[in-house]
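Presented below are the structures under discussion, each in the form of structure tokens.
Look at the two complexes coming up: chain A is in both, with chain B in one and chain C in the other.
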Partner chain A sequence: MSTVESRPGAPRPPAAVTREPAAEKPAKPFDRPRFLKLFIGLFFLFSFAPIVLVVLFSFNSSRSLQDFQGFSVRWYETFFESESLRDSLLASVQIALVTMLIATLIGTLLAYGLVRARTRASGALNILMLVPLVTPEIVAGASALLLFTQIGFELSLTTIMLAHITFSISYVTVVVRARLAAISRDVEDAAMDLGATRLATFRLVTLPALWPAILAAGLLVFALSFDDFVLSFFTTGESPQPLPVRIWTQIRFGVRPTINAIGTFMLVVSIVTIGLALLLPRLLGRRESGLKVLLGREGA
Partner chain B sequence: MSAIRFETVTKRFGETVAVRALDLAVEKGEFFSLLGPSGCGKTTTLRMVAGFEQPSEGRIYLDGEPVETVPPYKRHVNTVFQSYALFEHLSVEDNVAFGLKRQKVPRGEIRTRVAEALELVELRGREKARPRELSGGQKQRVALARALENRPSVLLLDEPLGALDLQLRKQMQVELKGIQREVGITFLYVTHDQEEALAMSDRIAVMEDGEVMQCGSPEEIYEQPSGPFVAGFIGISNLLSGVVDNGGVKLASGVTCAAELPGDCAQGSEVHVSVRPEKIWLDELQEGMVSVEGTVVERVYVGTTTQVIVELAPGMRLTALEQNTARARSDDRWEIGDRVRLGWHPEHARVLR
Partner chain C sequence: MTENRFAATFLVPGGLWLLLLFVVPLLCLLAISFGYTDDLGEAVYGTRLDNYDRLLDPDYLPVLFRSVGFALATVVLCLLIGYPVAYYIAIFGGRWKTVLLALVVLPFFVNYLIRTYAWIAMLGDDGLVNGVLDTDLRFLNTPYAVIAGLVYGFLTFMILPIYAALDRMDPWLIEAGKDLYGSPWQTFRNVTLPHTIQGVLAGSVLVFLPAVGDFVSASLLGGPSEVMVGNLIQQQFQASDNWPFGAALTVAMMAFLMIWMVLYLRAAARETRGAEA
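Here is the complex of A and B:
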């Protein structure tokens, strides 16, 4: 039928003519339910209001957490002037960076192995790999703590990193595996057929197709690791503590406005990281954005 | 020396046998087709030549050298994949230059050779395009140029025209054949399209269930099919079952027809008679023809001809062709239900076991 309608110069089908006056009628009250707008409004109110308050009060000139008395950056100054908080921030960044690098590397190789090396065990392995994703973090944290104390591993930044890396590998594998499965095996065969060794094939053909996913996975892991509390709490040493643990420790001795400044700062770091995951692939000449890679919503 | 030689090659995937004791030689400069239904082992055979699969038994020789220990990237063969398998992140130019770069060919030479290859496949002006910007036919040409560019001793083509529409496929068939003649490279061509194989090949091997049923020129395959499978797979099958009877074949419908019997046909053994539709005469029969009678049960209009399907006896049908020429008149033709006499010269019937 569409061929008839799209033919240029063909008389318009009568159905289209009668439809027009119908469109001018007032919409029925149930056509676009207003209450949907209300739901959406409430959703955004509840999700954003606390964040907006934190950001707003981080710039409050007074100690009060109830009324805003004027603009100031004094809480940011307190934050950055405090040596222990600076150390915590640095520790968190270190942990996140190391976790990102190592988990991305291992996770990518794991994905490659799972997708390309088809063995009898790969079905089971593909499911086992998801276990860390569904393990309650408190269980992962407690068991990591038990393990480290059992083997006499002193708790420090290293133990946090180990726990974070273990936890993050699955995220990387899931993201990279989805992309890898979409790359036709033929393309790799074609590269070998044209004289590329296995390694050259991986470098010249597989990696270029894979790296938006790898980049997105890496940044996701950075964001996850940077604001992780539970795992860090169980595996942290005395000092320096990562920022989220540090905040928790501080709150136990009373809520101070510095928390708002730290919270806002962490929010900015997370937004920037996710923003990079979305933008970098596009800026570097890829059409698919990191978001699409993460959500698996890529074109064929 | 053959370009490719298979020596009792068998390939198993677990329990299933994909290729069974294959013995075949493809000569230099030949356009050789492996033809068969899907799952007959033709693609596996091709992939073994490329080196993506290893034979379970037997040996493959390329230019006389056994190749079981040679990895794909060291074999002097190139493949055109059914899916084209272009590198999406590279331009047309870089796709075509991929093989030359691996061989460390000097940059200046790469440029001229890529330009020549794109000239050959008529893609000049699209050098900078990305594969996703190309049409199916253009992608196919890039894949072809990319493979030919390395001047392989054998070019392997795995249903390269399978994804194109009919019009383009016909056009590409002619172009492919022309290119093959021009470059003189041995082509090993895998297809399930019998018309394509007949139109392009110097020789065809018809495969079924991992075995070669017949190997020969298109004329041989078409005119002298070796068995019911080949006769049925190539062209329209007109297979009539019957038994050998006094130097002829007594058909199941009761008519005995004269036919040339293969050497060792015992009296009373079960055979099939195969007659091509275009060899069958409708009504105006000539002296010395085998003659049968039946009822028209179907007419299939296919443009230049109309297929007239005639039932001789229940379950026994023959397809004949009615030419839709300038002389054909619409008021004078066979309609469904008409009784009709069919005939053919005995030399056009083939007795198959």
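Here is the complex of A and C:
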């Protein structure tokens, strides 16, 4: 019998205590099937091989996708020298920036309201806020397209932004709300006892504590919006079209090496954005990692 | 102003936004699905059920079943691949946990189109594999290609919730299982799996929902006999310009998915209430 059961009320003993002297036991009681390591290796191969291929062949000097014939940046030149592709890149950045700013603002307010307000609407709103996260994008894209045409709103970058913001609000709310739920209310009460108004308390006490989560959520939204294809595809106007829509058109015309360059470039943008989202909370002097902020698991 | 009133005003912008740009468009979609296209091809509201009758047409019904079948296959494969990966990282990750988790999430941030395209470059008829091995394997335009594309696209959604569930689990439960002379397999089946079933269910729903509605994978990796409901919807809204029928397809799909969404949302709402209590 292990000592764990003989001392029911005691705090968990260190692993060494439970070990019977003679018996060989792993430091953790979990089983470690031997195939697991091989499996993980294959898994990472499966996930990274296609991406490595895209990055590698974006530097290929020939059109071939089968053999690498020498280093060259000609596909990047093709990308950046094409005026229409540059316009598309600019459009994607604009959409992502506007989406980030507006969705972060609205989503943060919504998070605060959902945690602190107890109204009849907040229960329904809590569910409504989560629905966009599980709605297939094609449904949202088709219905947004329908709405814009019904009210005679011409399709343009603005319609893409509106569609993106609608979806991004929920991401921001989920991330910020998790952080908010972990903050002690006593600090806010203390500020109010000292004569601060509710608004001043929100501005001077609550908001500073929320910054890491707001920042991380904003950057996540930027990356998602920059990468989004389906919503943009349904709500885009004639020109300029965001980059993913252009990629779609190009792929449908056949495999072209320029796509490798565009894909690699977008990958770098995403990695930088997500890297910032993970690192900034740390740089702001918090102990918790950005990953935990994003997953909403800190302090819970 | 009471705290409640103060906080409630914060709900207004988000609430209005979601109402006007999410709920209203869905209602428009529902309304137009009972409509028809007039002689000029314009969508007109109406009270007809023709579009829904058409769903049962032998041209379209198999597509609906196929979409569900492909999505289910995707869920099963994601589970078979995702559970061991999540298990390894959560239990044996040690100080590499964060790095490994980041590596799992990283491919997800490569544009979905580019990732799908990479599979074409790799496994296409004149792609890398056929070039290097000098073979003539046919991968594109098969159901396997479409399902592989879906698995590759949504696997992260399966791994993260299972990882979270395993990470939360008390390792001493397994010790208890062992003390009761459970074999590794019995311990896994009777202890570990039941304790992480919430993560498995959440992951399954999060993979199933986007997989059913996907059209990218089937468009790029599949042929005419791999068409999914997403492709039909996309065609109706763009090329064939029959919005009422496209709307009916979308509504039917949503109605089917609603069951899974409700199950998931109830669990998610319960979890946040628990965290705040």
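One rule holds for everything that comes next: the second predicted complex is superposed on the first by the 266 of 300 C-alpha atoms of A that agree within 3 Å, B and C clash if a C-alpha of one lies under 4 Å from a C-alpha of the other, contacts with A are read in each partner's own complex, and residues count from 1 in each chain.
The criterion applied here is as follows: a contact is a pair of C-beta atoms (placed from the backbone, for glycine too) under 8 Å apart; a residue touches a chain by one contact, two chains touch by 3 or more.
All figures in this text were calculated on a predicted structure; none of them were measured in a lab.
Asks: Should chain B and chain C be called a clash or a fit once both complexes are overlaid on chain A?
Replies: On the shared chain A, the partners fit.
Asks: Check the residue A:208 against both partner chains and state whether it touches chain B (first), chain C (second), both, or neither.
Replies: first
Asks: In the superposed arrangement, does A:34 touch chain B (first), chain C (second), both or neither?
Replies: neither
Asks: Of the partners chain B and chain C, which touch A:140 in the superposed model: first, second, both, neither?
Replies: second
Asks: Could you say whether A:120 touches chain B, chain C, both of them, or neither, answering first, second, both or neither?
Replies: A:120 contacts neither chain B nor chain C.
Asks: Check the residue A:190 against both partner chains and state whether it touches chain B (first), chain C (second), both, or neither.
Replies: Touch status of A:190: first partner only.
Asks: More residues of chain A are touched by which chain, chain B or chain C?
Replies: Ranking chain B and chain C by residues of chain A touched puts C first.
Asks: With both complexes overlaid on chain A, what's the closest CA-to-CA approach of chain B to chain C, in Å?
Replies: Least C-alpha distance: 9 Å.
Asks: Which residues of chain A touch chain C once you look at their complex with the stated criterion?
Replies: Touching chain C from chain A are residues 1-2, 4-5, 12, 18, 28-33, 36-37, 39-40, 43-44, 46-51, 53-54, 57, 65-67, 105-107, 109-110, 112-119, 121-122, 125-132, 134-140, 142-147, 150, 162-163, 165-166, 169, 173, 177-178, 181, 198-199, 223, 227, 229-230, 234, 244, 247-248, 251-252, 255, 259-260, 262-263, 266-267, 270-271, 274, 278, 289, 291, 295, 297, 300.
Asks: For chain C, which residues count as touching chain A in their complex?
Replies: Where chain C meets chain A, its residues are 1, 3-4, 6-15, 17-19, 21-26, 28-29, 32, 81, 84-85, 87-88, 91-92, 98, 101-107, 109-115, 117-122, 124, 126-128, 131-132, 152, 155, 160, 164, 171-172, 174-176, 178-179, 184, 187-188, 205-206, 209-210, 212-216, 219-220, 230, 233-234, 237, 243, 246-247, 250, 253-254, 257, 261, 264-265, 268-269, 272, 275-276.
Asks: So in the complex, which bits of chain A are touching chain B?
Replies: Touch residues, chain A against chain B: 184, 186-187, 189-197, 200, 204-205, 208-209.
Asks: Across the complex, what residues on chain B touch chain A?
Replies: For this pair, the touching residues of chain B are 50-52, 71-74, 77-79, 81-83, 85-89, 98-99, 102-103, 146-147, 150.
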